[in-house]
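First comes the structure, then the notes that go with it.
All chains are identified by letter, namely A, B, C, D and E, in their written order; residue positions are counted from 1 within each chain.
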Amino acid sequence: MSMGNMDRRDFLRVLGISGAAATLAGCGNTAIESGVEEVMSYVQPQDFVVPGIGVFYASTCTQCGSGCGIMGKVREGRVLKLEGNPESAISAGKICGLGQAAVQAHYNPDRLRTPMMRSEGGLIPVSWDKATQMLEQRLGPTSTLKGDQIAFLTGDISGHQRVLLENFLESYDSTHHVLYDAISRVTGQAASKAVLGAEQPLLNIDKARLILSFGNDFLGAGVSPVHMAAQYAKFRKAPRGTLIQIEPRMTLTGGNADRWYPIKPGTEGILALGIAHDLLQHEEFAKGVPDEVHALVKQYDQASVSEITGIGADAVHLIAGQLWNNSPSLVIAGPGAEGHAYGFSNVVAIQLLNVILANRGKTIEGQAEHPFPQLAPLQGGYRALAKLHEQMASGQCQALLIHGTNPVFTSPSNLPFADSMEKVPFKVAFVTHLDETAGNCDLVLPLLSAMEDFGTHVADYQPNGVELMVQQPLMEKLYPESRGFGDILLDILKKRKPDSYTAFPDYYSYIKTAVVKAKPVFKVTDSDDHFWEDALRKGVIKWEGKPTALEAKLSLLEVPKPRGLEADYPFYFVPSVRPDMRDGRHAYLPWLQESPETMTTIVWDSWVEIHPKTAAEMQIREGDVLVVQSATGSVRAVAYIFPGIQPDTVSMPLGQGHTQLGRFATGVGVNPYKILDPVFDAHTGELALHATRVTLRKTGENQNVVKDEGPTNFQNGHKLVATLDADQAKLSKEI
Amino acid sequence: MSHTVPSHPQMDVQIERKFVPKQKDLGEDVNWAQINKDVLRSLEKPRPAFWIIFFSALALFSFGVYCEVYQYQTGMGVSDLNNPQVWGLYIATFIFWIGMGHSGTLLSALLHIIHADWRKPIYRYSEAMTTFTLMTAALFVLVHMGRLWQFYYVVAYPNERWVWPNFTSPLVWDATAIGTYLTSSLLFLYMGMIPDLAICRDNAKGARRALYKFLSLGWQGTDRQWGNFKVAYMTMACFLMPLAVSVHSIVSTDFAVSQNPGWHVTSFPPYFVLGALYSGCSGIITLFIVLRYVFRFEAYMTQPILNKLIKMTFAIAMVWTYLDLIEYATTWYGSDEVARQDLVYRATGDYALQFWGMIFCAMVMPFTLLIRFVRQNYVVLLIISLILNVGMWLERFQIITPTFAKSHYPWTWTAGWWPSWVQWGIVAGSFGWFTMLFMLYCKIFPSVSMYEVKEMVHEQNMHDKLHGAQAPAHQTALGAIPEMNGGKI
Amino acid sequence: MNYCKKLFVWMFLIVIGTSLVSAEPFVQGGPIGSQTSDGYDALGPVVEQPIEFPHNTHAGRMQINCMYCHTYARRSNVSGIPRLDKCMGCHNLIEGVKDRPRIKKLFEYWANKQPIPWKKVHDLPDFVRFNHERHIQRFYFQEKRPVRETCGYCHGYIASMTTARRVKALSMGWCISCHEKDHLEKVGSTVTSHGPNDCWLCHK
Amino acid sequence: MKKTHTLALYSDPDEAANALKDLKSSGISGFRMDDVIIKSPIDHPELSELLGPRPVYIQWFTLLGVLLGPTTGLVLIASAQASFIYQVRGGRPVVPFPPDMVLTYELFILSGVLMTVLSTFVAMKLPGNRSPLYNASVSEDKIGILVKTDPASLPQINEILGRHKPLEIMGDNAR
Amino acid sequence: MSLSNLIKNWSNFRTRRPYEGQYDDSPYKWAMVIDLDSCIGCNACTVACYAENNLPVVGKERFGKGHAMHWIRIERYWGEGETLETEFPERGAQYLPMLCQQCEAAPCEPVCPVGATHHSPDGLNTQVYNRCVGSRYCSANCPYKVRYFNWWNYPERAWPNPLELQLNPDVTVRSKGVMEKCTFCMQRLRAGMDKAKTDGRILADGEVVTACAQACPTSAITFGNLADKNSKVAKMWKTQQVDLAKNVQEKTEDGIRGYRILEDLNTYPSIVYLERLRNMAS
């Protein structure tokens, strides 16, 4: 074998073998030794591979849907660290903590290493032969599954995985691809689509002079936090923009606000209307606003808005005043506004402000059109899952394939997904880690980790133009028994439709062929190989696209009707989404468990956030174990006194409380999904995440809250974080 | 008879007082042969209490060893020390033990220089106490080390790494000072013991005789030996006194050179030295009472000597109290806000109990020494002397823990940090270790200096010969104030 | 004064003894080529390697430059074991020795595409960083010393060994003893400089 | 000529003093006061005086110690600090005076003490063997006078010693 | 050798640092600027540090005991005084990334009994792990409390197989009883400086940065070479009127944001923080 015709796979294989033995700088050897450790030679490496010097490979982060370009530092056949890829417009060389932790997902000791099959007494490891046999028997050419009898349940998915998956379903004459994400933005997207004509408008944060955010944690658990953070940094440079955040529980973004207002959950829309009322007093803004809007807004004068929202009347006026003084501004709605029975209306009312303030085309635009809509990301929410649940419960569903989502863990207690799964005769999970849902399946297939597999991705949020993100292996696979998601699907497809797919020996060649075929669209004139190599080297294929214009359909405006408190359940319950845990799928990553949640600095746990005033009234001290009881269930967690929360509200973080997902996730904290009230958005039917009402009960127990901060979280007169009035700063003179 | 009441009782008292002579430190019935007999007996057959004390100490020490082995194997984490609270009881107890040693030197060196003869019956065990407390303190230097197995990095010797310890570190000064102090007081103790070892050699049999013979180096008590011995002993005493002062000043620089609030105090060196003398003196009183009972030293450890010791202790306690209050005062009126907050925190924060405990034990309790009953009742005195030492230990705890709990950086403050059982175990073990060593020493070596008590008797006799006994014959030194409880406790 | 003499003799012996013991590490290492006739003045043990590689043939008889095979030494921290295809590059063409047992073993590894599990001979502690690149660049390329001096200073006279054996102390003091010497900066130049004395240069 | 020894034990220091005075004034040929050694349980300066000047040189050794110890110590410390791998710490000078003074002070005391002890042992002829004429009672409460003399004058000396109520007189051959 | 060295370089050995122009002749002096107005408290730097520097994950129980090992931590304050004056933190939270300040006159350095920590020629506060005996004096003296001690034998449990394959071979894995702290990613700097030296140049600005600076999504952390007057970091120090060798900074005008934390303790830190800004009119 000569050097020339060695392809990438071979190269990685050679690396892998030698790398595995080179192992780590360790704790062992503290003296000069001879003949103890082994040193392996490369067999036939590429010329640029030098032991002791790291090589960076570009790839794509799959930890969340943001699709950041990353670079993996590879040394002696091991991927050591991830950095942001400067070629990618999304991450621009930066990376978040969640993304960094992908290497821990890859090296996680609890990764599934062999296929598992259900027998009496649970899942037992089996060989791939057996697993393939079962797959073929159920899904192979002889399978009689048709249409909705087969269901493919996935989380957020894009790129060629999506295409292949849809082709796979097509071979059963099915389009039954069910998408479910526990923390979905379906309501917000629907509302944006309704008002502006775009599900996810482009937010030009850096161009705004003032941002008014209704519960949107765009710097933390938002849609593209790394990109938004970079935009935010520009926004804070001269001339410095102002950020006003309105939300019931202070998020990471709220912590960065120039002014933070606590609001009663669910009244965000009313406040938006109140601000609109104030703005429409001015002719400049009133122009072109239809009469029906005027009529609707009229009833929301400052006094009534203040009463409903709990925000002072002068504050409403102040916000409105700033909005008209600082143009262009940007008004963003977020999960805090969306997760209510009238969440759709809330978002519509909030987006109305953007229209009134004429921000369209300046700070808010439509995303560039995608040249390959079949690769675009798909998202789904609760309603899709509920429908699948019904189908499964009625016995309609004969085979269920699950990838990238964990409904058994994230579904609220009114949707007992585990129960309905029992009605499905054949359930397959494609996972890297055995989670709660996979634990209920008949066949669990170990996937390659994101560091080992090929793939293409399209980001949920595309800042400039369009990018096709390329994911490539950073090292040889750790476990010979694990396989790529695409490879498994392709194998079944090959059996079912040999004519169309035998040309592809594996998923890699499938992607390569597909991408190279799309070359003309990207207006590249290079040779195929060169184009492909360039794509791998950069990790991203760019396509120039122009932002599109947004519409303004103001007629959709409805009156949001916030749900008040009840005597039995005197607190609003706001589940908070941690930027690193998201819906809980990352709870098995020790770095993230140990990384303090910034607002509370608590680690390895779940907790209940209570405002000091409320805590004083109820005589709750930090560390008191509380029972949080809703109409549908209860959980126990320690109390944490937290000033950044509306006093009638308690908040708990999502993502903990796993019963399965490896040693780092199980037994840590509790799962608040299970106490969510079955309240649905009136318009989209999505589960309203923030609409639960709870009561608190003290158990009399007190535990040490494991957190990073000490007994004080004030500076006590030391100049640690100094604050300066933005007016006095001379930002333009700075470098 | 029943009607005859003295018309002027006060007169009587005044008259009686005229005849109370200056008490002599030793009884007149003590002669040279008797001294040999009494002291040598202590090496043979102590009271059973000796064995009780010795084996309890051994048990405590074994537990301490267990704790240390556990900590060594598992890591320092078992002590519950953490990032701001890096030292905990280990360094607090370290200072305590170093301090304990200082009074031994005061008695053996300073009082020797100024020819205070009453020190003679009690200086030997005090000097031994110094040596063993230093050994105990040195243990804590090792115990608190995260990598005990690399302790030799601290020692300055030519090595294949070509690196030296950091001579600017107060810890290295500590090591040097303690090393010097330990070496010097060990030599001082040994040097002073040579004539007594010769006595033991002359009276012992078997293995003990071999030991004493080896250790006494062939001392014969010739005039040449005595002459050199006296000069050398005095010279060493002159070295030891400033050394003792320097050692605890250097220990205080561990804290005083740092910027931590409550540590960055100019008056720390004298404050530490006085604190050391204070705790040492009360330690000597404790051991005085214990030895007197266990080894039947009633004839040598007499009430007049104890009285002088108590007076000295009280005086030192008052100076220490003054320095402590001055420290608070300068902090309070100073411009360092952080240090002031630290002071307030000590008095009112998580460790207020320990703070006020220290004030009570170490500042209020000494005043009970003014009561004659306390001075004469050995049981009460034993308890009081122990309380004083508890107070001094709390003082060291006060220096370490609250400062770490609330230093310059608010984020790392700790609330109510408390050491784990491992730390307590090692501290308890150190008390066991000290008591065990000390008791063993007293069982093997003469804990009362025979030749110096002989000198004392000799001088007392010479004095009487020259000036005649002033006291009426029936009022001997021991008779003047009857021994309480019949000399028993 | 008999005892006095005894005392002095004892003290003298103790002082000399201590200084001999403590000075022993300093004299380890010695100059280049301090091997004895029967083998070497070796400090390390004889290490059994999967193939008894004859350095004496390659570096000695054939006069192959060290860096022909240890090619990473001038580019990286580690000198690296030569890649397997490097061995094959020559031995594929050398027909004469193909039937030798050692070469047969080599071909076996190559056929299986397996790396050879060599044992480390010069294995520094894990907290130490030694940069081959800088030393080679400085002494081989800048100062133009021969490899026998440049590489041999630490590795000994490899050309006389079969499999390598550690012959120098490689202790910290030994490293410093060379670092503190003044070395010529370039061939032909008279400017000298000593090695860096920053702890973090070698400790990581 | 081989010398012989004799030892007299007294219980009263005054008697011993008288014996010494008599010896001094006896004028026996070949007898010098330097040959007389007193052995006693405590130091008797009043008796030693009678033996004539017996100077003590320890303090000179001590002086030597306190001069040499700290100087060599300081030089060693400073040159260790200024070694090739010298370290800058906390912005302080590499060879800082206050810490070096502290250490020098400790070395001053240590070397002083060590020199004193060493020289004392040398001066006291320790460790040494006990002379054959040793009586355990001199470590208890008796005072012994040991005289080294020519066998010829032994009777004379024994007579003088015997004048002052000795408890016992022992000679070499008494053993 | 040493004695002659002492005499030859006497004035060097008697110099107090820092002084004006101390780094004028040396190629490197590493320094940082952290813009608190840009820092959003996202913890990306913390995780990046865990990944780069082999920091062990200690688990809940040990974290609760205060045994966490984060070389850079995000502190979150609610106010400058001792309590919150308003009912809510109206101006948001105050985030502070706190890492070793690499003080020029570091209080931790002179007290180490074995000299495991000292000042390197490029202005870093070093920690030589193998030299450390674990007296923890440095931590006791550090005003910022950014030194972390290995209370347990973390390697035993922190990286269950195959997690240890992620460990960075350029960084020692610290075992129990060793003090450790932020090194400004010395392994990166060292590799870069060595390469640059081979090329006969000094490192260009931004060629090598620390893991935290590289990850920071808002680029709030600027890292660079203060000795290079044209580097970004040097320019920022100059604009912010912070002088490395001064303990009291003279500002010619108001509104200049640069300051160093606990500067009044004469530690001369190498990290300048820029004051957080808030639009008080909003």
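We take it that a contact is a pair of C-beta atoms (placed from the backbone, for glycine too) under 8 Å apart; a residue touches a chain by one contact, two chains touch by 3 or more.
None of the values given here were measured: they were computed from a predicted structure.
Asker: To get from subunit A to subunit D along touching chains, fewest steps?
Answerer: 2
Asker: Chains shared as neighbours by subunit C and subunit E?
Answerer: For subunit C paired with subunit E, the chains in contact with each are A, B, D, in label order.
Asker: Can you name the chain whose C-alpha mean lies closest to the mean of all the C-alpha atoms?
Answerer: E
Asker: Quick one: point me to the chain whose Cα centre is farthest from that of subunit A.
Answerer: D
Asker: Comparing the two chain pairs, does B-E have more C-beta contacts than C-D, or is it the other way round?
Answerer: Result: the pair with more contacts is B-E.
Asker: Where the centres are mean C-alpha positions, what is the separation of subunit B from subunit C, in Å?
Answerer: Roughly 58 Å separates the two chain centres.
Asker: I'd like the Å distance between the centres of subunit B and subunit D, where a centre is the mean of that chain's Cα atoms.
Answerer: 31
Asker: Approximately how many whole Å separate the CA-defined centres of subunit A and subunit B?
Answerer: Going by mean C-alpha positions, subunit A sits 67 Å from subunit B.
Asker: Specify, in ascending order, the residues of subunit E that touch 2 or more different other chains.
Answerer: Correct list: 1, 68, 73, 75, 77, 96, 107, 110, 112, 115, 118, 130-131, 170-173, 191, 262.
Asker: For subunit C, jot down the residues that touch at least 2 other chains.
Answerer: In subunit C, residues 77, 125-127, 171, 176, 180, 199 touch at least two other chains, as defined above.
Asker: Which subunit B residues sit where two or more other chains touch them?
Answerer: Touching at least two other chains: 162-164, 166, 168-169, 172, 408-412, 414.
Asker: Touching pairs of chains, all of them, please.
Answerer: Pairs of chains that touch one another: A-B, A-C, A-E, B-C, B-D, B-E, C-D, C-E, D-E.
Asker: Within the complex, which stretch of subunit B touches subunit D?
Answerer: 31-33, 36, 156, 162-164, 166-169, 172-173, 176-177, 179-180, 183-184, 187-188, 191, 194-195, 198-199, 202-203, 217-232, 235-236, 239-240, 242-243, 246, 250, 253, 451-452, 454-455, 458
Asker: So in the complex, which bits of subunit D are touching subunit C?
Answerer: It comes out as residues 84-87, 122, 125, 127-128.
Asker: Any idea which subunit B residues touch subunit E in the complex?
Answerer: Interface residues on subunit B, with respect to subunit E: 74-77, 80-87, 144-148, 150-151, 153-154, 163-166, 168-172, 175, 254, 257-260, 404, 407-412, 414.
Asker: In their shared complex, at which residues does subunit B touch subunit C?
Answerer: The touching residues are 157-163.
Asker: Considering only the defined contacts, which subunit A positions touch subunit C in the complex?
Answerer: Its residues touching subunit C are 14, 17-18, 21, 25-45, 50-53.
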